[in-house]
Structure formats: C-alpha cells, structure tokens
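Per-chain residue numbering starts at 1, and chain names A, B, C and D are given in the order in which the chains are listed.
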Amino acid sequence: MAQYAAKTPQDLPTQAQLLSMSGLDFMRGMLSGALSGPPIAAELGYTLDTVEEGRVVFRGTPEFRFSNPMGSLHGGWYGTLLDSCMACAVMTLVPQGSYYTTLEYKVNITRVIPIGMEILATGVSLHAGRSTGVATGEIRGAEDGKLYATGSTTCMIMAAR
Amino acid sequence: MAQYAAKTPQDLPTQAQLLSMSGLDFMRGMLSGALSGPPIAAELGYTLDTVEEGRVVFRGTPEFRFSNPMGSLHGGWYGTLLDSCMACAVMTLVPQGSYYTTLEYKVNITRVIPIGMEILATGVSLHAGRSTGVATGEIRGAEDGKLYATGSTTCMIMAAR
Amino acid sequence: MAQYAAKTPQDLPTQAQLLSMSGLDFMRGMLSGALSGPPIAAELGYTLDTVEEGRVVFRGTPEFRFSNPMGSLHGGWYGTLLDSCMACAVMTLVPQGSYYTTLEYKVNITRVIPIGMEILATGVSLHAGRSTGVATGEIRGAEDGKLYATGSTTCMIMAAR
Amino acid sequence: MAQYAAKTPQDLPTQAQLLSMSGLDFMRGMLSGALSGPPIAAELGYTLDTVEEGRVVFRGTPEFRFSNPMGSLHGGWYGTLLDSCMACAVMTLVPQGSYYTTLEYKVNITRVIPIGMEILATGVSLHAGRSTGVATGEIRGAEDGKLYATGSTTCMIMAAR
C-alpha cells in the first residue's frame, strides 16, 4: 500500500480506531498506507519517511508557492515540518487508549532552505510521561546533510475516559 | 487594486524595489495590491487585513485540508499565521535600505481552532533596533474574540551593502 | 506583615495549606507576609509587588554578582524574573484543590539591563483551563518604562487526588 | 590554578583581553582559572566542567535556597544553567575579535530536579555563522543520567569595530 492523505473527514481513522491501537501502531499504519496520513502534508509537499519508537522522519521539498513576500521559503514551512516530526515522535510513545495534543513548539532557523532542495525533518522524543511529552527536531538537507533548522515541542498526553 | 499573491518569482518585487522603500511602505504596497503578497498566504487561506507602524493583522479561515492525522487543525497553520503577522510587524519598522530574516519563533496553542472558523492573527513589534527586531503575536476568533494561540519571534535586521 | 522568604522547608506552607486555598489567595498571602515567599527571590534580589487575578508583578534590581563572564547581567536573571511573574500569574487562576508546575518558558532579551537599575517584571495569564495555563511576561525599567525582555510560558494544572 | 568567580568588575577580563583571544581560548582560560568565571555561577552553585569546540558542560547542585514558593526547584535555576552552557558553547566558536550576546532562550522541564542532586548541563552549538549562533542544551542527572530539562538558544555574534 502507498501512503495517502485524507481528502474528507470520512477518510480519517475514527476516534475508536485511534484509541484501539498504540501511537506507534498508528504511525506504522500511516507509513504503510493502512491508515490515511495528515491532509496538510499533501498540501505542503512532504511525506512520512521513517517510524521508530521515539523517532519519526518526514521528507519534503519546498516549492515556490510556499515562499514569503521576498520569494524565500516562509518560516511557516519549517515550523510545519518540525511540528509534524516532533509531535509524531511523541505519538510513537503514547500508549493505547490515550491521545495527545501540541501545547507549544519553537523553531530556530539556521540556514535558508533553497526552493526545490529536498530535506529530512527528524523528530526525537526525549521524554514521554503520563501527562506530557517533549521532543526535539531538526531539518537537514537530504543530500548536503547540513543543518537548516532545529525545534522543540511540548505535547499533552491524555487518557480517553 | 486588490491583494494578490505572486505565482512565479517574476511576480515578486525585485531586491532593488524592496530596498528602495521602507518596510512600512512595502507592507502598505502589499495591502493595496501595488505589490504582490506572499505566495504561501494564498496556499494556506489567509490575507492581509491591516498594516500600521509596528502592527500587522492577517485574516484567515482554516480548511480541512490543513488538518493533522486526527482531523483537527495542524499546529503548522497556527505557526504560519503567527510567523506571518509577527515578521510583518517587524517589517513595518525596518528602514529603507535594510531587510530582515526570521531567526526563531515560538507558538503556544491555547485552544483548538475549529475547521471553518475565521480568525485574526495580530502581530505587534515591541522593539526593533539596528540589528534585531522582536515581536509578539496572537490569534483570536474573528467573531468570538477568544484567544486561540500566542507567539513570539526574533528577527535579524541587516543593512544592504 | 512584611514579605519574607522561607529559610528552611519548615517555613514553607504545607501541601494541605496550599490545597486549602485558591491560587489567588495563596499569592495574596505571600504578598501580605502571611505566607512565606520563594527562597530564590531573596537570593536573586527581587520581591513581589502586585497580585491581581491573572496579573502579577515582581520588582527587582540586578547586582554585579548576577553577571556573566563579561560583566553584564546574565540571561538567567531575566529568565528567573520572567518565570516567576508568569507562573505566579497562572497561579492566580488555579482553583482551590489544584496545583501547577512549569512545563516550559521562553525569554527574549531586547535590551541589556544595566547593573543597579530597578525593573518591574509583569506576568499576565491569557488562558488557564482545566489542565494547562499560558502566560506572557515583560520586563520594563521601573523609571524609564522601556522594554528589556519578553517571555512566554506553559504550565500544567493538576487537581490533587 | 582553580576556577574562581569575579567579585568586582576589576576582577573581570578587560574588553581588550576578551577581543584578543578566540572564544575557545577565553573559555579554556576560565576553565584553568587563568581568567575569572561568571559571578552568577558562584551565587547559584555551579562550576565549569568541560570545554571543547562547540561543547561546554557545567556541573551544579541545586540548594533549598533556589526553590519556588512550594519548595521545589525554581524554573529560573534550570534556565540559568541552560543559558550558561548553551551560550558558552556558542562562545567556543566565536573568532578572535568578535563577541556575542544572547537574543533568546527556551527551557523545557521534563522532570523536577530534587534539591541536593548533582546535575550536568551540556550545551552543544549546532551552528555559528558570521552574525548568529544557535545551540541546544540538556540537563541530566550526574549519577542517574536521566533527562531533566532541554533548551535552545539564539545568540548574536558581532565583530568589534
């Protein structure tokens, strides 16, 4: 199966489905194409690349249509990719019956990503407890391996009632 | 004239144009439609609403296609709107002959924005010196006035040589 | 009564005392001197100035002994003052029977505070729900009114069991 | 020679001294005791442990006098240690004739550090260019190796004129 993005709310996994599996299985289902992926990824030109316990990688290439008024890549693209990989890294540590939500994230841009250059956005969750999860992330060039941005996030983990 | 987004690099203001006017005039040109706006705004469903010295407002409505794997609005949309309004607020304070770039931004999500609900993202620059500018931002519902997210940013301001 | 800082754990309010009153009453008790204040405030040269629902001000003056290796005020002093006023602003919204803990905070330094200059650090809580609270903060000169630093924080609010 | 903290501005290296050596040599001078260390470190109970190119470690033990009104370690202590190790990691990459200042830092607290427990705060600079430097940091227990906090920072690097 190939990865695909939900086009309507009906394409999404139901909440019952979501709560019936661990976060790691949910992420693996998305990678295999058994479950639909995030609609925003299709809009912003990135796909899921790797899923491991505590570590998730997305792969993407920015296009001109994501640029700012000066024609260079908008900061929102960096943030979207980092939020995705960091939140999904936390997700891989969320137990069955729980779900999570992003409380905050921060983005540091160290180099401007050229339009058309492929990058890897890697999130690593350093800690996930009963009620919160924390992750860090980085964006590196897929070919040059250089660091383009770093990020950090705090997620809240909640047990369904 | 109406606002519009650049579709190709040729639609963008040239660097010479950019450096020939103050940041405030640049932002006003975008608002009036004399200059093209950020391509990413057209992609992510938001437009420029207000430009004042030190304060910029964008208006937008999230759609389902910007949601995360659980079907709620992706954190990247909050960050994109906040980065836009905060960086543009700094831009209104940048003198002629200088330009700026975002070094970092942070997003705190306080409430989930429902898909389809119109919001206002307001950036206020509290300080812009010779080499750096700082701004804060918030997203409020256009109708309910409630606070959905807050942000902060640091930009670097550079004189062209 | 005058404000004072706990010198030993025995000077602190007990957990039962803490949970028997609202966060606002707890903060007012500290302001009046009925309850001991934070030990770190005495160490780092600041005191509680104002307590309102959702807003707390600390007043302080940095000394040479809080400087960095170059002799200017260390970034940790800005962060300590901002964390204090922002977390206490959240505290004023925490209901009786609950307590809170800081998950993260961020500090933007806009100007260097001169050693010996009195400042006011003001925290405002923009949102406090059942499980999380968010606040922003700023440090301004007590006399010049200029902005020296801004901050933001996320706290977790928990009901005692 | 042993490390020591400046007690008065006269104990500090002069600006001429500071600019005559690379940031790495400056940090090594502090480690060896040839140059005085940050006054705040002596106040808040931590010392320099390791200096490498792009990596600096501080070692410290929180005391009761650094606690918050509830008697647990104040968030400002985490931030001070992280700001120190991250800014110093950037410092090791600053060339002779330049200096730097912290623009912003962020702290995520993942576990509460018990009063009296020794920790290591490690800063790593992932990028330092002509005008800005970025670093990340973490605090781990010296014995248990567990992660207690993470941080990130942006510094501005300036050439002396």
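FYI, contacts are C-beta pairs under 8 Å (C-beta built on N, C-alpha and C of every residue); 3 or more make two chains touch, one makes a residue touch a chain.
No experiment lies behind these values; they were computed from the predicted model shown.
When the interfaces B-D and B-C are ranked by how many C-beta pairs touch across them, B-C comes first.
Annotation: 23 Å between the Cα-based centres of subunit A and subunit B. For the pair subunit B and subunit C, the distance between mean C-alpha positions equals 31 Å.
Distance between subunit B and subunit D, defined via averaged C-alpha coordinates, is recorded as 34 Å. For subunit B, residues that reach two or more other chains under the stated contact definition are 103-104, 106, 108, 132, 154. Taken pairwise by the contact criterion, the protein chains are fully connected, each one touching every other. The part of subunit C that touches subunit B in the complex is made up of residues 106, 108, 110-111, 126-127, 129, 132, 134, 136, 138, 147, 150, 152, 154.
Of all the residues in subunit D, the ones that touch subunit C in their complex are 6-9, 12-13, 18, 26, 30, 35-40, 42-44, 64-71, 74-77, 79-81, 83-84, 87, 99, 101-109, 112. Listed in rising order, the residues of subunit C touching subunit A in the complex are 103-104, 106, 131-132, 154, 156, 158.
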